[in-house]
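Next come two complexes built around chain A: one with chain B, the other with chain C.
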Partner chain A sequence: MRRDLIFTLAAMAALLAAGLYGYFGDEPFYLTLAAKAAIFGLAGAGLNIALGYGGLVSLGHAAFFGIGGYAAGILASHARNYEPLMTWPVELAGTTSAPVIWIVAMLAAGLFSLPMGLLSLRTGGVYFIMITLAFAQMLYYFAVSWPAYGGEDGLSFYVRNELGGLQTMNPWIWFLVCYAILAVVLVLIAILTRSRFGLALTMARENPLRLANLGIGPKRVLLTAFVISAILTGLAGALYADLNRFVSPAMLSWHMSGEIMVFVILGGVGRLGGPVAGACVFILLEQVLGGFTEYWQFLLGLALIIIVLMGSGGLAGLFDRSGAKKGAAHG
Partner chain B sequence: MAEPLLVTSGLSRGFGALKACDDVNLDIRAGEIHALIGPNGAGKSTFVKLVSGEIGPDTGSIHLLGKSVETLPMTARAGLGMARSFQVSALAPSMSGLEHVVLALLPHEGGVFHFLRPVARERELRDRAGEMLARVGMLDRAEIPVAGLSHGERRQLEIAIALALEPRVLLLDEPMAGMGPEGSARLAALLNELRGDMGILLIEHDMDTVFALADRISVMVGGRIVATGNADEIRSDETVKTAYLGETP
Partner chain C sequence: MSVALFFEQLLNGLQFGVMLFLMAAGLTLVFGVMGLINLAHGSLYMIGAFACASVVAATGSFTLGLVASFVAAAFAGVIIEALVLRRLYRRDHLDQVIVTFALILVFTEGTRWLFGSYPLYLDIPTPLQGTVHLPGGIDYPLFRLMIILVGLLVAVLLFLAVNRTRLGVRIRAGEADREMIAALGVDISKLYMIVFALGAALAGFAGALVGSVQSVQVGMGEPVLILGFVVIVIGGIGSIGGALIAAILVGITDTMGRVFLPMAFAAFTDPASANATGSALASMLIYILMALVLVFRPSGLFGEKA
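On to the complex of A and B.
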């Protein structure tokens, strides 16, 4: 628990340092990268609730990321065209208010995760992976073939959505917004894992038979975790759409699901700060290795295999072991 | 006489050609310890799995407190007052013993769907969990993750968890195996104490313990109950002698 906290603070400090470097060095590009890392970290933190705390290997989290993104894109584009979203049974207008968009994104992702979770939780192991993947792919092909919102080409909306009087187009401000949301969510997750629900979730992961024997249904617990997980990844999707002022089916593709999973595994499965560290290192590698070779993802794959073979734990595991060694050396 | 807490009739379950439980009629009365003995592979654990709902029967019925429960899921049977200890400890390695017992208390205390309040601050629950752990003699090891507990300590924790459920019917599958003589003696004393509050099914291989504790004993061989009676009746039963106690007449 203590080491988990220190690791999380370290990852968050590193991300803040990257942002500060961009701000004081007057490098908006770095600020955008740092904001992207915060958003990916948030998406990974969402997945981590299912994957890390619930032991649910979901390869469909791009669905929630994309739903969040499209919620932002669709609402904003309607507001700017002055075309109502629908006229029947009630007239609903679009909006450029970020908080409203965030709430809609979270609701939409949470709603979609319900049938997806219900169905995939009836199975386990590989089938769980396949069903979550199938749901996300279904949504991907739907987005590609649905012309109303750009189809394959995606949907651009030029200006970021509005948050109070903040200058959201300012990269520094936008980074701070994303960073603050990430920080709040991590605090909430820390609280959740220490709650009654967190206890039940741990048992649902490590020994579902025992949980059922206590009179607590493991599936209900896991479904709840899956929905919370989807809601957070959906929020990340809305922020990502605003970051790029663009959404496309790519946000829904299985590559995206895989990437979110990489953030978690790279950083440390079931570790609070793991996805943040994973997302930071992922983006760093993408920038550094991507400059040398187009095949950087191959190298990333190698690095991942090594991490998994090293007994997992990811970056958080490495951090623990280095701390343990030092502790031993100091007696 | 009052109706028994648990009654099974004609309970059968096969695995392929093997009849692991074959037409089992057994009942557990309030306030008794009913021992179930039998050689390895007799079907004792299968019987416990059937009654608790881990697996379903091929045929037969199970009545718990007068309700037919054979189609109810495990969680519902637990809710009606059935608790069970596992022959092979079923615990969460990363959780402490105290957390296990607190979790077991939660269904009666407002459930687990509370997301904000830290369990560490639920003083009253932790105190009660501590009492359960003290009763099985592992209060001093309460905060250690299960991964760091010895085999015997895990057995003790199994009992503490079952107690926390305040069951009417308690199914104990070889609870003393691996406990050591001191732990076994303490558990025997504890079961004696609990006898008044609930009905207990005790699976146990050690005959001295069984004869000392049990009000009634059922003997299972090859999936069938071959005899039921008190200690004296079982000791002198010819079928039991030949089939199980290994004496030739």
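On to the complex of A and C.
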């Protein structure tokens, strides 16, 4: 537990350092990258609840990421064009208020995850992977073929959404907003995993039969975890759309699902700060390898294969072992 | 809606379904025997298509191209099995997913590196160009008809191989009890390699056939891979017969939906919105089908109870 906390604080400190470097070095590009890392970290933290704590290998989290993104994009574009979102049965206007958008994004992702989770949890194991992937893909094709919000071309909105009186277009402010949200969510996840529910979730992963014998239905626990996980990833999607001021079906594509999973794996599955560390490393790799070749994903793929085959448990695993060695030397 | 159009689309759906079967068969065999979920199966499909395109460009022989697709995909399959996947059989699904996802990145970007991002087009050999008159006044492209026949032939051969040969006995035994057949003296790692190569070859062959109807391009395997998963979920993992029926069901549902749903909507709304609604709904149709199957038979139409 303590190592987990230290690791999380280290990852968050590193991310903050990157932001500070961007701010004081007057490098808005680094600030945008740091904000992107915070958002990806948040998306990964969401997936980690299902994947790490609940053992649910979901290859469909791009669905929630994209739903969050589209919630932001659709609400903002309606507000800016002064078109009501719907006129029947009640007239609903769009909005550019970020908190409202975040809540709508989380609600929408949560609502979609409920039937998706219910259906996917009817089976388990490898079926679960394929079914979550398929549902996300369904949404992807829907977004591509539905012309109202840009279809394949996506949807642009030119100004970031409003949050109080903050200058959200300022990269430093926007980084701080994303960072703060990430920090709050990590605290909430820490509380959640230590709660009664968190313990039940761990047992639902490790020994569902035993949990059932204690009078708690494992399916319900897992479904709850899946929905919470979707809600957080949806929030990350809304932030990501605002970061780019653009949403497109690419946010729903299964490459996105794979990438969110990569953040978790690189950082450490089931570790609080894992996804944050993983997202930072991913973006670092993207920048460094991308400097060598435009085919940097080729090298990323090779690196991933080696990392997973070595079975290191991600950065968090490396951190633990280096700590264990030091501990042995001191002891 | 004319009857001819209906039958033409039915044949298109059948052709699509048969190709999906070639993909799904490999996926389901590999999962059934080795317990491995292989996302990189779509890459093997792509490799087959590119091998075929390259060989046809170099030699001008379509037959050689098809042979090359088979051989190249099997060869690539054997290499990734021996170098990477073999280490994953005992790992959990998460490791398998992430490593095979990484393999996709390697293959996709590697192919882009070698061939560029532009699609290649394969010329259908002259004797197979043109159309045939089918009863009912349908003119159907000969090449597509051939694909259906070849696909069904492969399905029959595969069915016979799994159910009537010594190798098939071993494959089925491997699905039932891995440790036991190892104890009975079957070289399990050789069996795994054969199964993997077989699945890979089928995927590559499908890639070459579909590539010659559509186009050969980077990333072509991924949509088909996901449809392959849908087929397996509907048919039930490990069941070749289930995969065949589910593949044809998915192929026909998808093809017919894309053509006839916009038409159906046009009957009661204006053409533009009918087209939008119809095609959006059509793109979701097979997933809705999958959801329905899951509600009533969670382990697929022909799957054993989990």
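Here is the rule we go by: the second predicted complex is superposed on the first by the 330 of 331 C-alpha atoms of A that agree within 3 Å, B and C clash if a C-alpha of one lies under 4 Å from a C-alpha of the other, contacts with A are read in each partner's own complex, and residues count from 1 in each chain.
Here is the rule we go by: a contact is a pair of C-beta atoms (placed from the backbone, for glycine too) under 8 Å apart; a residue touches a chain by one contact, two chains touch by 3 or more.
Only a predicted model underlies this, so the values are computations on that prediction, with no experimental measurement involved.
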Contacts of A:Ser322 with chain B and chain C, given as first, second, both or neither: neither
Partner chain(s) touched by A:Phe197 [first = chain B, second = chain C, both, neither]: first
Superposition-derived comparison: chain B or chain C, residues of chain A touched: C
Touching partner for A:Trp146 - first (chain B), second (chain C), both, neither: second
A:Thr224 touches, of chain B and chain C: first, second, both or neither? first
Partner chain in contact with A:Gln287 - chain B first, chain C second, else both or neither: neither
Touched partner set for A:Arg210, first chain B, second chain C, both or neither: first
On chain A, the residue positions that both chain B and chain C contact, one per complex: none
Chain C-facing residues of chain A, complex: 51, 57, 59, 119, 122-127, 129-131, 133-135, 137-138, 141-142, 144-148, 254, 258, 261-262, 265, 269, 295-298, 300-305, 308-309, 311
Touch list for chain A against partner chain B, complex: 191-192, 194-200, 202-203, 205-207, 209-217, 221, 224
Chain C residues touching chain A - in the complex, by the definition given at the top: 31, 37, 84, 87-88, 91, 93-95, 97-99, 101-106, 108-110, 112-113, 222, 226, 229-230, 232-233, 237, 276, 279-280, 282-284, 287-288, 290-291, 294-295, 298-299, 306
Chain B - residues contacting chain A, complex: 52, 54, 73-76, 78-79, 83-84, 86, 90-95, 99, 102-104, 106-107, 111-120, 122, 161, 165
